[in-house]
Structure formats: structure tokens, C-alpha cells
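Shared between the two complexes below is chain A, which has chain B as its partner in the first and chain C in the second.
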Partner chain A sequence: MNNVLEIRDLATHFFTRDGVVRAVDGVSFDLASGETLGIVGESGCGKSVTALSILRLISPETGRIVSGSIRFDGRELTTLSDEEMRSIRGHQISMIFQEPMTSLNPVLTVGTQIAENIVRHRNLSWSAALDRAHEMLDLVKISDSRRRLDEYPHQLSGGMRQRVMIAIALSCNPRVLIADEPTTALDVTIQAQILGLMLELKEKLGTAIIMITHDLGVIAETTQRVVVMYAGHKVEEAPVEELFARAMHPYTRGLLRAIPRTDADAELAGRRRRLQEIPGIVPALTRPITGCPFAPRCAFVAARCRAERPPLEEPEAGHTVACWEMRRVLEAAA
Partner chain B sequence: MSERFSLEVTDLVKHFSVGGGLLRRPRMVRAVDGVSFAIGRGETLGLVGESGCGKSTVSRVVLKLLEPTSGRILLGGVDVTPFRPGAMWPHRRRIQIVFQDPYSSLNPRLSAGAIVGEPLENFGIAAGKEKDERVARLFERVGLHAEDTRKYPHEFSGGQRQRLGIAKALSVNPDVIVADEPVSALDVSVRAQVLNLLIDLQDEYRLSYLFISHDLAVMRHVSHRIAVMYLGRIVEFTDKRTLFSQPLHPYTEALLSAAPVPDPAKKKSRRVVLQGEVPSALQPPSGCHFHPRCPYALPACRSTDPPLIEVAPGHHVACLRRPPGGDPAPLTPSQ
Partner chain C sequence: MTAIADDAVPALRLARFGEAIRRNPTILIGAVLLAGLVTIAVFAPWISGDPFRLSPVNRLRPPSERWWFGTDRFGRDVFALTIHGARVSLIVGLSVALISSAIGLAIGLVCGYFRWVDAVVMRVMDGLMAIPSILLAIALITLTRPGLGIVIVAIIIPEVPRVSRVVRSVALSIRSQPYIESAVAGGTRSGKLLVRHILPNTVAPLIVQGTYVCASAMLIEAGLSFLGAGVPPEIPSWGNIIAQGRTFFQIAPWSILIPGAFLAITVLAVNMLGDGLRDRLDPRLARRM
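Right, the complex of A and B next:
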């Protein structure tokens, strides 16, 4: 398997009045070419900061990558100059965001915004770039694409804006597409359309995707492998079927049990079942976490969990987990 | 008319006029276009639909935060529709709301204790020491600490703020709570805590919930009966079990099939992906509002507006292809 991205011990911190926020604190994972990797976690777990770090979009006034390495096709990204980084961003690695309205320029037409990216990265004339923009709109299945080229973002619906974002992101055939909550702001029937489109284009173009979401349903339906993050740490990583069938980390297990589901038949029969809660809340990241970040909320917590950070172990091939009490957790499930 | 129902709504209509000017006639948005339902004590009625379907407008109208264009609203058997704000006041206590984003609905300059205690004073229920004691009890009941009363909203996490919002709604002993997307802004692990709290409180106080959400999984968890809305109208209305096991309206079927299932083994086996988007409520399609997106539409659907009828006991559907007593088997696409 050849990896397009290799991330090792990435740490991105923010320096605020309240202290240092360790948003990402030692995260490692690989992205194989053409695969879809999910990063799942709750607000503040560091999933978006990981994505922004890969693209070097952390604002230097507030934070920076303090350590670790990000290798793209063998090239180290953390030490590239801004100029070199600009030639990669939007070209070989591109990104789509949750709210397309805030990432599209309201005073430029759709066609201009797609063509702009193409001209920046490819040796094409403006009219050739506009032709390519037209092709891209057809590719993302925007009807009446010729007319849409001349429209402005406010004239489009939320679903169409997200299609335009995808068209811009894919216009230079990137190797990696990072999608940060791409369907969270959309209605469920439109979400189904957009996710379907992304997977179809991935097959067609061979782009590897990092799908960042809090929604385990989206993870289950779109990804092949999943990284679970909690409080700036990676706590578990596994192939998607394995993760849903045999999650090993108490946090992952808790998440899977806490979601109400549309497919469970049990609760239809009788009384409303109580959802399993994860007690407590996510820890503040302004204080350094000694030990396991999940320890204060964990039912399996032992003295060691509060004192020492658990290392990532690989109890099954391809399935890694960071938990001191893994054996007890697995026994409890059996 | 009976008091079996805490909240009863008949033919509720709310139109907004938009645009318009000196020479231009304003256009009508039929945000809610003839909606009827009743909620019994201790019951949760779920109102589900996508953005713009009118579900939030329904919630504002039943609270009389918006005046209905026509229709009737009965609160505990009392017709409150004609009441002006003054006359409405004694009845306001009976129906309270919990909002989606508790942060924007809590006054940042008031302490948490003052926020929750305010309705008690406003309605003359308790004051002074008695009020403080009731507030402390409410805090504990919703899973906050009594000493948290001195904190301000920004010192709480999202889930705790939603607990505050619930404590505030609960403080005046309402019969009905309108919960408008109460867990949509919360993280998964906290969402479960808040849903469990809402269910426990309902069982304890026999509260009626009008529960509004776009999330079918949440809906399935908390509701007893569910109404599916599309462009201002209820298109299907039945008990939760029937809705999920035997949806009859094509829109319900599409909604259920579009919801991502958190189980990779069940990956999109038979997905109905709807084409197109929800049309503008300014110019709703003729006939059945859903016909341009409906895979089963007949020519008649373009011109005939299907009424919501009871096709099987307790199962109401507005679809020409679902006549009373008809075969509930899945439809076959037209063409």
C-alpha cells in the first residue's frame, strides 16, 4: 500500500490568554492513495485542527504546529515555504468546508471562482479554464451548468453551493481531498445526494478522501478506515466494519451506544429505551493532560490511567487502540 | 373540546407576506398550510421535516409568539386563539419552549439562578427564599449543582446550558413543552444525557412534548407519534412504530432511506435518493407539493391536491397512490 499522506506525532497548539490550548497533541496516521479515511470525534477533539494543519492553514497569530511531521508523497509539508505550500494547496491537496456560503466569495461568479483555481495551478488560458469550469459543473451534476457559471453564490441553494465547492476542490485533480463536515449543514435528502456524489467522484478520479465528521452514520456509509479522536489524541483506529463490530476503546464504545438509531428494532416494540450516556464533559485543553484524556469519564478507569498516557497498541492487525485497561474492557463486553 | 389533550390544533394556517412595495403586490409564503394534531398528557408528538417545511413556524404559532392566519389552538381545552397578549398571560404558563441553541436564548448578564427563577416571579408563583429553594431543587433535578445558580451562562458547557433551558421551561410547571431541535447543537455523548433527561422528566410530570427535529433517529427515540411535514403540510401522521416499519408516503420513505445508518454492514442496500431540492414555499408546485420529486407520481398528482386521510386505523397519509384500505406494499415507480 503506498501512502499519500503520513502524519507522525503531529502537535498543533494555540497560544491564548487562558494558556496553551493543546488542540492536537501527538497524532499519527496514514492515508493510502485512493482510500477514504474517516476522522470522527466531538467538538474540540482536534479533528478540524488536524485538517487545517495538513494544509498549513493555522493562523500564525494564534497557533502553530509545534512538533511532528506531515509527509505528502514523501515531501515534508511542515517545513515548506508559504510559496511552495500555495502550489500544493487547492492543487494536490484540497479541502471542502461545512458552510459553503462562508467559503465562497460572494462577489465573484461561480465560473470565475472555479476558473481562478485552475489558472493558478495549471498552464491554461482564462477561456480554457472557464471551459474546464463548465465541465466541472457537469461533473458535480449541476443542471443548466452553462447558466450557472454566471451566477453568484447567493443565487444557489445550500446543496448546490456544496457542489460548487466540490467542483473547485476537484478542478485540479487533487491526490487528497479533505472534507470537513461537508454535509452537516445540509438537509438529510440533500446530504444523501452530496455523499453519493463524493463517493462516485472518488471512484472516477482516484482521489483519496479524509472525511471529518461527528456523525457515525456518515462514517459508516462512506469510509473504509476510521481514526477516533478525543481531546487532541487519537484513541483508536480500525477498518470501519471492525470498528463498529468490535470497538475496543471505552470512548468509542460509549459513542456507539449513545446514538439513537433509525434501524434498531428493539425499541419500537416496547417502552422507550434509555440511551447509554457518557457521563461528564470533554476536558478543557488548556491544562496539559497527564495520563489518558478519557480517564475522568471512563467506567474502567484505574490508577495508572490518571498517571500515565496509554501507548497505542495493535491487538489486531490494522486495529490500534490506546487504553491501559483494554483487557478488562474486552472481557466486560464478552 | 375535551381535556384529554393538552394541546390541540385544528387547521392551523400561517401565511407571511414578503416583498411587496408601493406598486408591487406582496407575495405569500404559505409557511403552515392547514395543520391539525392533538397531543395527550405524557405524550410526545414528533414533527419532522427538512428546512423550510414549516415545523418551526408551527412551534412559534402554538406558543402564540406568532398569530395564526387562521385555525384554532386549544390549550388544555381552552381556545386561546383569539386571546391578545394580556388575556393570554395566565395561559402562557401552561406551554413552554426549549430552544435549539440555549446560549442565544439565555440572558448573558443574568446569573443562572436568576434566569431559572425569573419565570417564577413573573407568574407570581414564588419569590424570595421560597423561590431560591425551588430554583435549587430544579437545578438538582436537571443534573446541575445547586451552587451553579451563581454562575453565568458562559461558564456552562453546551449540554449544561441546555439543562438550564430545560430547568427554566420546567420552573412554572407547564403541561406542554415545545422542544425545537433541543439536541441538534449538542455532541453525541451529551445528546444522550439530554434526551434521557427529557424522557425522565416526561414520565415524572406527565408532560406533553411537541418535539421538533430534522433527525429521524432522535425522533424515533423520543416520540410516540410522528407527523412528517413537507412545504407547510403534514403528509403522513401515525405512531412511531408504523412510520418506521411501514411508511406509506413517498416522501417519508425517501427521508427514512436518506438517513445514514451507523452500521457499515447495512450500507446503502436499497437507497431511494431523491432528485432535486425542496421547492420554494413562495411558489409551491401545483397539486401534490411533492410530485416533482416523487418517483411514483401519476399525471393526476400534478393537478390534484391530496387530502390527509386515514388510510388504516391511526395512519393518515396525503397521497393519491395511497387510498384508504389500499395495499400497504411498496409502490412501483411510475413510467
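Right, the complex of A and C next:
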């Protein structure tokens, strides 16, 4: 499979008054064309910063990509000029944000906002772009699309606004769509509809998706491969079934145990246990971390974990993990 | 299908307009008063006689059938003077509002968006705001020949910072909205972002601020003319009519009270229009009513 996006040792740091925040510190992963990749982790683990780094949207006043490479279709994005980067944003790589309520400009009509992106990247006339916008609204299944073109965002519901965001993002047939918590602000029914729509359009248009979320349910339903991030590092990467069946990193296991279970098995076994939380919080990223970043919160911690950073190993094909004690973790699970 | 829809639109608009007026009568009252004043000012030469015709025999006559607003110490018709004076007030008010809004908008947008410009330009604006407009006008007029143009310029200079502060604060808050980030993620360049995404958001507060600037410009002009630093005495303005009537205030109060009342009503009308527009254009307030 050919990779549309290859990220190697990406490090994005923010320079604050309290010191350097290593929001992303040496993350590598690939995205194959047409694939859906999940990035999962707690708040503040560097998921969104990774996404913003790919589009080079880190505000230069506060932070920058300090090292690493981002190759899109063989082109190195970290060294492109601003002008070249602008022609990629919204065209070949587009992004959907978390807040559908505030991600649309309240004073412009829906049609204008979709058509604008098309005119910018496609050099179409305004009326041709509006026709295309109309098509896009049909594609994202907004009923009465002709009328909706002339409506303002406040006249649409949250779910419809997120559909409009998807319409804008896909209006130029991007190769990669980055969805940063696309359904967090929506209720579960709408969430399921939006995810279904994204997957359907992915099949139809062949767009690869990076799905950023803290919701393992979303990961299970939509992705093929998952990257687990913790404190700016990738701690585990595996195909989705493999991850849910045989997670090797204690952090991933902790995340999985924190999902409420409602299935019949748990009910029958009579063990409706309390949900287990992961003790402690994500470490402050202002000081360089020696050893494993998860060590202070880990149940399997050993002396070595605090002293030396575990390298990424590949105990099974396609399944990488950074943990010194992975054998014990697996035994404990068995 | 489309023909029906097209026909329905103007009727709908009219209905919505009527609804808005009913909910918010201050707009209507302000607009009607202002429209009346504009009509009077435009048709002043046809409505009243020559404001400069002196008639020493009829000095300081009280209001009567012949002289509706009485006469002043030269026997000039106060009605004719007041009506012609409306022209100066309205010209000053409107032109100051328009020009200072345009300049303030440009400065405010650039300052709100480009932070490195902001630090420098806003300090300059603070400096300008610290100058009392009356003093600045007196200084400017002593340097040049008195006239309407110089009065307008003198009022615009201290008003620009007021407008640009409002626009800047809106631009600052809009700039951090997710939809701006979203537009950047879509590859929009700065200029386009500013004009297309930020500018429309500043229109409502700008219009409201513009009406207040208009009202305060009229007051400042009247003050300047009263002090003799405004429009020259050969052009009647409410300020200089009041100034000339000052010495005879006890025996002929009408030559002060009537232009004063006109000034008050005009400023009130503009402020009512501004208040009404603010309620109407701010979606949060509009919904509550």
C-alpha cells in the first residue's frame, strides 16, 4: 500500500513563559491512501497539535515544529513556502474541527462558505462554485439543499452544521481529511450519523482520514489502525482489532478499562464492576521526561522504567509498542 | 416554482420589516424625526425666507404669526436662521460619522488582526483621544481660515480613535473564533480573511458607533460655533445663533431656546436610531424581544 502521508520524528514545541512545552516529541506514523487512522489519547497528549502541525497551523508566535519530517505524496511539508502550504490546505489536506457551533462564520451564508473554498482552490466561477456547493450539500445529505445554500449557520442544527463543515472539507476532493474530535459536541444519535456519513464519503471519494478522538467507541467503529499517544509520544500502534484484543501498553489497557460496558456478557457474569480510572494526571510537559512518561501512573512500573525511555518495538507485525514491561502486561491480562 | 418563491420574497421582507418596527419603535421614531429634519434642511430656502434679511425696526420681536420663532437683535427671522442652521449640523454630523467610521474601520481591522501594528498604532490613537476636541479645533482654526471643512476635520481627528477601538475589539474577539482558524485551515490568505470573514462581523457595532459619533459631532460643532471657533458667523449654525442670542437671553429667550431645542431633538433622534439599531443588529438582544 502506498502511503499518502509519512510522519517521522515530528516534534512540535511551544515556547511559554514557564519554559518549553514539548507538546509533540518524536512522533512517527504513516497514513495509507484511503485508510482511516485513529489517534487516541487523553486531553493534552498532543493529538490536536499533531494534526495542526501537519497543516502547519501552529501559531508562530507561540510554537513551531522543531524537528522531524512530514511527507505528503513525497513532498516535504515542513519546508514548503507559506504560499505553497496555503494551496494544500483545504485542497489536498483539509480539516474538520471539534466545534460545529462556532466553526462556521455566523455572518456568511452556508453557500458562500462552501463556494469560497471551491473558488479559492479550483479557479471556478462563482456560479459554478455555487452549483458545486449545492452538489456537496446533497452529498452530505442535507435535505432541501437549494434553500439551505442561502441560510445562515444559526438557522442550522449542530448536526447539520457539522455536515456543512464536512461539505466544505471535501469540496475539493482532498487526499487527506483530518477530523479533530468531529463528533464530541454532538449527541450520540447525530454522532453515529455523522461518522456513518464520513465513512461513506471516504469510500465514495477515496479520501484517507485521520480521526482524532478521545472516544474509543468512535475508534472501534470507524478506524482500521490506531495510534495511541501519551504526553507527546506515540506509545502504541496497532490494527484496531488487535489493539482492542491484545493491547500491550499499560496506558492503552487503562483506557480500555475505562470504557463502560453494557454488553450481556458482563451482565451475566454478574461483575458489573466499577469503572477503573487511570490514577494521576498527564505529566507537565515543560520538563524533559527521563524514562517512560507513563511510569508515575503505571501499575507495572519497574526501576528501569523511571531511568530509561523504552524504545518502540514491534513484537508482532504491524503492532508497535514502547514499554519495558510489555510481557508482564500481557501475562497479567491473560 | 421559482417565480412564486421570487414573488414571495419582497412581501416577506416587508412583513419582517413591519414586525421589526412594531417590536422596536425607537428606530421608527428616530428615523422619522431625522427624516423630517433632513427634509427641512434640504428645502430650507423654499420653506423660509432669507435668514440674513435685516430689519432693525422689528428687533427682538417675540414669536408671533409673522415670525414663528421671533426675531433676533438685528431683526432677523429666527425661524429662517434655525432652518438654515440645520444644514450645518446635519452636514457636520453625517460627514464626521461617515469619514471617521471609514478611517476608524480600516485602522481597527488592521490593529485587531496584525498584533505588531496594534502596539504602535493604538498608542498613537490613545494620544489622539487625550486631546479635547474643542481645544484641537480652536488650534486648527487659528492656524487656518475658519470654515465648515476645517471644523469637520477638527472633529474627525479625535473621533477616529473611538471608532477604531470598537472595531479593533470586535476584530480581536472574532480573530480567535474557531471559524477563523477553520478558514485558515482552508487556505485563506490574510487579506481575504480580514475583508471577508472579519469585516462583516464588525458592521453592526460600527453602525451603532457611527450614530453616536454623528450625535457627538453635532454637539461639538454647536459648542465650537458658540465659542466663535466653529463655522464663521455668515453661515447660520445652531451654535452661533445661540451665541449671538446670549446677550439678550433675558429679554428674548426664544433666540436661544428654539435652536437649542432643535439641537436637542436632533441629537435625541440620532441616539434613538442608534439604540434601536443596536438592539436590532445584535442577534442576542433581537431574539429576546
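Basically, the second predicted complex is superposed on the first by the 326 of 334 C-alpha atoms of A that agree within 3 Å, B and C clash if a C-alpha of one lies under 4 Å from a C-alpha of the other, contacts with A are read in each partner's own complex, and residues count from 1 in each chain.
We take it that contacts are C-beta pairs under 8 Å (C-beta built on N, C-alpha and C of every residue); 3 or more make two chains touch, one makes a residue touch a chain.
Keep in mind that this is a model prediction, so the values were computed, not measured.
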Requested in this report: Look at the residues of chain A and decide whether chain B or chain C touches more of them.
Outcome: B
Requested in this report: Identify the partner contact of A:Thr102: answer first if only chain B is touched, second if only chain C is, both if each is, neither if none is.
Outcome: second
Query raised in the report: Who does A:Arg71 touch here: chain B (first), chain C (second), both, or neither?
Result: neither
Report task. For A:Glu116, decide between first (touching chain B), second (touching chain C), both and neither. Result -> second
Query raised in the report: Between chain B (first) and chain C (second), which, if any, makes contact with A:Arg246: first, second, both or neither?
Result: neither
Report task. Using the touch definition from the top, say if A:Gln276 reaches chain B (first), chain C (second), both or neither. Result -> first
Requested in this report: Report for A:Arg309: first if it touches chain B alone, second if chain C alone, otherwise both or neither.
Outcome: neither
**Report entry** chain A contact footprint on chain C (complex, rising order)
**Finding:** 115, 177-189, 196-197, 200-201, 203, 283
Report task. Please name which positions on chain A make contact with chain C in the complex. Result -> 55, 57, 61, 86-91, 94-95, 97-99, 102-108, 116-117, 120-121, 154, 165, 168
Query - chain A partner contacts - residues on chain B that touch it in the complex - result: 50-51, 157-160, 187-193, 195-196, 199, 214, 216-218, 220-222, 240-241, 244-245, 254-268, 271, 273-275, 277-278
Query raised in the report: Tell me, which parts of chain A touch chain B in their complex?
Result: 42-43, 157, 159-160, 187-193, 195-196, 214-221, 240-241, 244-245, 254-256, 258-263, 267-269, 272-279, 281-282
